[in-house]
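Shown below is the structure under consideration.
Chain nomenclature is as follows: A, B and C, assigned in order of appearance, with residue numbering initiated at 1 for each chain independently.
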Amino acid sequence: MAKPNATPMRVIEETPSYWRAVFDYPPFNVVDGDVFQALQDLLVRLETSETLRVVVFESALPDFYLSHFDLTGKLGNVMTGIGPSGLPVLMDTFVRLTKVPVVSLAKIRGCVRGVSSEFVLACDMRFASRENLKLGHPELGVGLHPGGGGTERLPHLVGRGRALEIVLSANDFDGDTAERYGYVNRSLPDAELDGFVDALARRIGSFDRPALGAAKHLVNEVSLLSADWLLAAFTSFGKALGWPAAQNRVKAVLERGLQSDTTFEKNWPEVLGDLGVPKQ
Amino acid sequence: MAKPNATPMRVIEETPSYWRAVFDYPPFNVVDGDVFQALQDLLVRLETSETLRVVVFESALPDFYLSHFDLTGKLGNVMTGIGPSGLPVLMDTFVRLTKVPVVSLAKIRGCVRGVSSEFVLACDMRFASRENLKLGHPELGVGLHPGGGGTERLPHLVGRGRALEIVLSANDFDGDTAERYGYVNRSLPDAELDGFVDALARRIGSFDRPALGAAKHLVNEVSLLSADWLLAAFTSFGKALGWPAAQNRVKAVLERGLQSDTTFEKNWPEVLGDLGVPKQ
Amino acid sequence: MAKPNATPMRVIEETPSYWRAVFDYPPFNVVDGDVFQALQDLLVRLETSETLRVVVFESALPDFYLSHFDLTGKLGNVMTGIGPSGLPVLMDTFVRLTKVPVVSLAKIRGCVRGVSSEFVLACDMRFASRENLKLGHPELGVGLHPGGGGTERLPHLVGRGRALEIVLSANDFDGDTAERYGYVNRSLPDAELDGFVDALARRIGSFDRPALGAAKHLVNEVSLLSADWLLAAFTSFGKALGWPAAQNRVKAVLERGLQSDTTFEKNWPEVLGDLGVPKQ
């Protein structure tokens, strides 16, 4: 049944109606150009399949869902290329995921930060492990800000106050808090998470495609922001990547162990308030 | 004090300021054309009363608030007639309820699904029994989608992710979950529900009408969507009613006992993922 | 370290990046023209400081954060003067606070009602004492309605149903309920509140100003309403202040002990449903 890919993400066709997309890109599932390419390839399949109703996004690594944007620069064409929607590849990936008439469920365990938070925010629903979740936006801590939809999607989901807390604190949010804030749909006991999401996916997989497509479209019409707002954040983020102060902070976290040391990779937002680099 | 009506809904004038509207339409309080006619008649009274401040909507049946849209077709002019606002009667009823300068409180026990969820979403506030609530949108499970405001009102209330879960899962939501999602204002222990809502209604009933009207109007201005969005969903729903796949699913749930068997009527969303009809 | 002011609010410069603004205006921290003047003076400093990143607003009085609008009429130019933004001073104060590129944290203990609720709603984040919070909008109970942003900011934060409950019930909300509704970011055990907010402020104070400013601006772009809506509410509130029925209710609560009797001041929303004045 499994159909492994030679990419950072394997697609398992559970049934013609229900697929699982499994991120498997050790050691940390860092989000680089190859991850976006795999998502772009999958999007074409989602957009053209005549049988698919639902896709579950999950990770093969117990402690990392998708960790964060690659800060060593292996971003491929993510910032500069243009996708089929006419938007930059990073934005194009998330925007098309929100609009495709296939239901996307993020089943989340482990670390999910920055652009990875923005990926799950672009999924239709988010279900997290209550005991095993570190979800957040650490960008401010490295002198940057979210650029892939976080500043746009969070306020509509959790309200302005909690959106500002998530973005400006650069802290991790655990399962209980993420559920209470509405950042995820639900946090479930880890032992129940797989069963809950699988049952939901099979149920949705049994429904009619025209009805699913129409319902998602109607909800989208009143809940998705115009791409103009997303583009403003993306453009601002692109500039911020060139700020010397941000580059100093990025250098500091890489030297401390980001993308190389497992313990640091799990916990790095903890030190962001005390990086020891000059602030701007 | 009670003033029983020969309609599906009795109106009890507790005081000149505070009325209770009691759905009493055994066996299941199914929402048909007569229920809408009773609501239309009440709306005229709400719009013209010079003393009324607040109305509580409740049910005389312990396990059914309003169960769901009549799926046997007894819809009267609900889909085809035009109400005083110029909108189709179904929409007109809900839109006028949101705008009338009388405060509407839904006091909810039992099953409240589909169009009945849309009725309580059009009320100003929703208070539910913690132990006795089955609230949701099963339309997807019968090949349809919400058409009376569910897809429009839910995202603004619970966020896009939870709105998609409610609509696309076609599942019931219990008192705890409905409160956590913000689908209802509060779920209260069943034994406290009547006292809480009665005290709130009497309190609001003691306030000045100009102040209540101005405050509700101001909140409405920034929280009600334009009728265009509601009309798009209504029109799409009207088309979906004619889909052969939807008609097959509706036939299947009627044959299994919907609108006839009490146990099935209470629990039917449970089987929607396994109806055994060909999917489209 | 402390730099006491001869105003209702002292500013303590903890570090060049992080200030605390302490309301200290016994006996009740009533919001009058002098409080707005102090906020206006502080706003100029926030807008022109080149080092500041974050300001915490707190109270020196254990049971009153800011109690409510002065109902004896000592409002200075709050309703009639025009601030630097071109808006009336009351609105100008709150609008500039939402837009200034300095992060504002409300650390809340005690009573916070009416215009004071609107002040904390204009702050970027709200953290409350779980055991010691009475937050709400009692305006309806004195024949008025919110006029400083409550009817505009609440629906986007807590949804239409809970916003209508808060505004139309004129009741107090405690720490648990305020957190559950999303009215505050979090309620924390009172013993942990100071430590939590101080750590967050120092963390934000360590980040780069351009990144903080850009992130807050991006969130604002999709979460702040146009001033037109705020102005409509302000204008309607100004008229309501002249309603005879409202003046009767205000007179009644002042006679019962508002702004003079500590016990009444703490608990006055309790009696608003039973004021014993003729209703309009």
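A few remarks follow.
Please note the rule applied: a contact is a pair of C-beta atoms (placed from the backbone, for glycine too) under 8 Å apart; a residue touches a chain by one contact, two chains touch by 3 or more.
This structure is a prediction, so every number in the text was calculated from the model and none was measured.
Contact topology of the protein chains: fully connected, every pair of chains touching. Summary of the copy comparison: rotating subunit A onto subunit C for the best CA superposition needs 120 degrees, to the nearest 5. The pairing of subunit A with subunit B is characterised as different-residue: of all residue numbers used at this interface, under half are used by both copies.
Centres computed as Cα averages put subunit A at a distance of 35 Å from subunit B. In subunit B, 156, 158, 180, 182 are the positions where the chain touches two or more neighbouring chains simultaneously. Residues of subunit B touching subunit A in their complex: 139-141, 143-146, 151-152, 154-156, 158-165, 167-171, 180-182, 225, 229, 232-233, 236, 240, 243, 245-246, 249, 272-275, 279-280.
Across the interface of their complex, subunit B is touched by residues 17, 103, 123-126, 156-158, 179-180, 182, 184-185, 199-200, 202-204, 206-212, 214-216, 218-224 of subunit A.
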